[in-house]
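Presented sequentially are two complexes of subunit A, the first with subunit B as partner and the second with subunit C.
Now for the complex of A and B:
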């Protein structure tokens, strides 16, 4: 038996070691690239707000992907929580507070609590019915936003609020594009870290097991609905945080942020980048936002180009862009 | 006292009477085979005992307590664990990850969004233990979906063992296996029963296996109990011979 164990260790150890260091190197490189964006992005013809948008969409899609890629629940309504976060931040800044963090906190809480309360309704069904319920719930908020003119500004959206100054050490820092970018990056890093911890804990293992085979888990005595609802809630909080940041970036909240087409954008981002991959949504967001930004400066028909990119990528890289590269380097 | 008692249990699906008048008792530590031709109601019986759906008649008692209306989740808590005709495992995860989620479920850790290194070590040691018991240690880091059918069944047994079952229900554990895999599985069933003392009910079509390892055998035919007894009694039973060989006997 001891020989068994020895050969076993010999076989797995080097693999584990290179795997670990490759992941660490990847994270460090990603960290350096993201931290230095304001320095190098203008050199390659980009602008800092564009990078903020990429990270905001990546954050929302990463939140959605906890439910989609890791728990196996296809939500078509996550724009609702994104939009609630945006309106929450906008309304707080317009009427209640000049504190950036209070506004962002309230926005995240409003969207996240909505997902926490409504998730349990959707998870009563699985598959296509689950998706239909998420659309219906999401559209409810969209129609409330366009009808409740006095509060939300209706079709015109909510304007009249601006990014407050950020209380730095000893003085107020103005939140220009660079300051905004680092705020978004900090939010992204914290959310990614929390997601990483959860996915490597029993809770995350349970999510993945539900995606793989909910019947097996049920017959181990786990009430899977409860876990899908928890995944739904966490992903709703993250989408709401992203929505709040989006409102800060634009100084504006549009009802389109609540619409199912926005939910579709987040789904495209997650699937495009690779929904089985932790950083897949980030890769997807880079492609999505850059294509949109570049093509929309050439033609209004940018959505057709995104659609084409999406169809081609689903046919040729069904596991997403990162899934494709991972497999190549893995084998 | 018998571990599992069924009193006059029946199940109707609309006009179809799938099972009726099933009365049997299984002693603790027993290895019981359920046999019968296709459509005899063997899987329906498993579904009733494991709470997949309730019986329409009769009652079921487990460990002295009624469980007739139990849900799968509630019955698993009491220690009734099952496998399925079609292997139900987590296909795109490694064997280690398959066993890990089962161990975490058994330890009641599922809701924990983080765990200490100490707890993680306890979990991983238990995973290694299970792998030793079912003898899959060499394949712990393989993706379950890439294993042979027989190994996948072994993984499933490892998963259900994590829950320390009092009563293990195995639905056709050797179906579709080659000779060597069948031998491995039969050996595993016998070891779990003798070494771990797990009471087991298994549905099986291979008569050599049934007569070779079962303590007692229950024969179903057309939703009714045809016979019950040890291997010698069953082999000599003219009604069983008739059900299996046509009306020659």
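Now for the complex of A and C:
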């Protein structure tokens, strides 16, 4: 499988250079589709909050994918940073402030800093040991949230905060589903742009090089641990931002947001959509959230359907849905 | 890289195992109504999975039974009633997700559920933000109709205070002063223990100790070893759902029920049914029981319910689902409207008629805190008994004798202007 991946990257890399105009068109189309969601989504039987949820999960999975798909580190603990972002926002709104951006900023900072500080511990090991450490760290936060009743509300979750109004220049805008969607979309666009810049900078090339041949970089004298830690930190910040937005969307933070099963969901989203692909997690999130939403109204065993979709996609398109289509159009 | 793909493959194998069970699980939604009338929709979020599943299923069965009965008798204001059920998994986050979908996609008129206290609190807040009536079927935490009461939230099941007040004095007089608590670590358990402690202090009892067990605990041995060492007079179990079942089994294995009186606030028929015969013991409070001599309409209800559900007996949970669905119907008919505020006013002071109440007293949704004044059924588990006759009700106490006044419960009801 690893040779398969190597040829895949080798083949798509030159395409990325020559296909600039195609990429621009793709981005514009995606932008228009996302900007007009509140107009067309109700027509096809959806609702705006569902689109917000898709973007939030996509954002978290894209953050995770910087580490997973581009740096080659399989983290099973990103829900912890997602959840910390959510609790950060919830606690700020409940006790400290009514400012949307201050709360979101603090939430992102809390989750991101946790990833920055704890990443270096995990990156000391590679492969399965790395994954085990990330699970352990993630579960630690989960149990803190479950047991620290006075601060986090324990199993009951953190409630009692509402989405504040948007303090625009000169006036307050109330944040209904549509307002919330555009906030999420703006955050998604900014984070995607930052990720894009990082991936095309020398830093991003270093990440990919580590993924492709970790040993060789070590021989060349590159401090790979430091680079993986940087990737871990950036992806943690993005997961925390997504978590904060999730708390705003729900007006509620649950300890389950920190659980490793949530990390598993993000991994499924990234792998399902295509972890070598920049927008793979977005495609994965669309599939995951829609299947969850529609199938769970029909049967309680919706996780089985997700599992089935996942197994089928791993067997038949190991590069994810977007990877599959890219390959088709390439050949 | 190789490590990673190996790990992903292993995950997919695990997932494959889960996926293997999928065939035949896709159920078709019910029901059908002959008229072309637009249905009145009640969204019900209740656990179908998780440790609360057994209770959730009973509430849903009760509600569906009521739905069928109401539609047979001409619906609500000659419109059909449609009950749409979603699985909240006994978890507040999931419950809110499901409620969100019910509001956005199904355009429900009313929301009801759920077995789990934490989910009920979360849904109450959610409904408040969406200006919707929420009728809590089975979450007992005091705060829901106490310090956190909302103008749009009503509750059919009892408060934890009513549960603990129902049997405290009996237990205290019968077994002794020193108590040990094993308590489930969420809103429901915290509230129950606080209520018992308050009464224990008032009567001059002592706390031998207490332990908080996380939801979903399967191994209680570390707590039980401490109980054996502390030798309290009463071991008070304040657990929920299957946790209580697991703990009672382990207590029987340790032989603690032979040395120490085991008691607690709430027992459910579902739990007793799930226990092996040697692990059925203790003094508890039930909130409704299928066997009440001389209660009108009860025998017919039990008979019809058993006919629909293959001989299964209705539990307190079934009755919560049944009574809650009827309460919404009655409130809508009283209000002659579906507008949230008018229906809220219709439900305030609503007295359940005997054919819905199915108990000797006439329970009413108290206007000041929206709490139903249902009766409590303290008693003890019968030794060596067979399902369904597992519990001996020692008395049926009217709810208003046990409940705190709305002021003492801390409810200050405010309405939107």
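By our rule, the second predicted complex is superposed on the first by the 313 of 331 C-alpha atoms of A that agree within 3 Å, B and C clash if a C-alpha of one lies under 4 Å from a C-alpha of the other, contacts with A are read in each partner's own complex, and residues count from 1 in each chain.
Note that in this section a residue touches a chain if its C-beta (ideal position, glycine included) is under 8 Å from a C-beta of that chain, and two chains touch if they have at least 3 such contacts.
All of these numbers come straight from a predicted model, not from anything done at the bench.
Considering which of subunit B and subunit C touches more of subunit A, the answer is C. In the superposition on chain A, contact is made by A:74 with subunit C only, not with subunit B.
When the two structures are aligned on the shared chain, A:22 is found in touch with neither subunit B nor subunit C.
In the superposition on chain A, contact of A:124 is made with neither subunit B nor subunit C.
In the superposition on chain A, contact of A:98 is made with neither subunit B nor subunit C. In the superposition on chain A, A:162 makes contact with subunit C only, not with subunit B.
In the superposition on chain A, A:307 makes contact with subunit C only, while subunit B stays out of contact range. Applying the stated contact rule after C-alpha superposition, one finds that A:208 touches subunit B and leaves subunit C untouched.
In the superposition on chain A, contact of A:197 is made with subunit B only, not with subunit C.
The contact surfaces that subunit B and subunit C form on subunit A in the two complexes do not overlap at any residue.
The part of subunit A that touches subunit B in the complex is made up of residues 4, 8, 12, 15, 197-198, 201-206, 208-209, 212-213, 215-223, 227, 230.
The residues of subunit C lying in touch with subunit A in their complex are 1-9, 11-12, 15-16, 18-19, 21-22, 25-27, 29, 48-49, 86-87, 91-94, 96-98, 100-101, 104-105, 117-118, 121-122, 125-126, 129, 185-187, 190, 214-215. Every residue of subunit A that touches subunit C in the complex is listed here, in rising order: 1-2, 5, 45, 47, 49-50, 72, 74, 126-128, 131, 146-147, 149, 154-157, 159-160, 162, 211, 250-252, 254, 256-257, 264, 267, 271, 293, 296-301, 303-305, 307-308, 310-311, 314-315.
The part of subunit B that touches subunit A in the complex is made up of residues 50, 72-73, 76-77, 81-82, 84, 88-93, 97, 100-102, 104-106, 109-115, 137-138, 140-141, 156, 159-160, 162-163.
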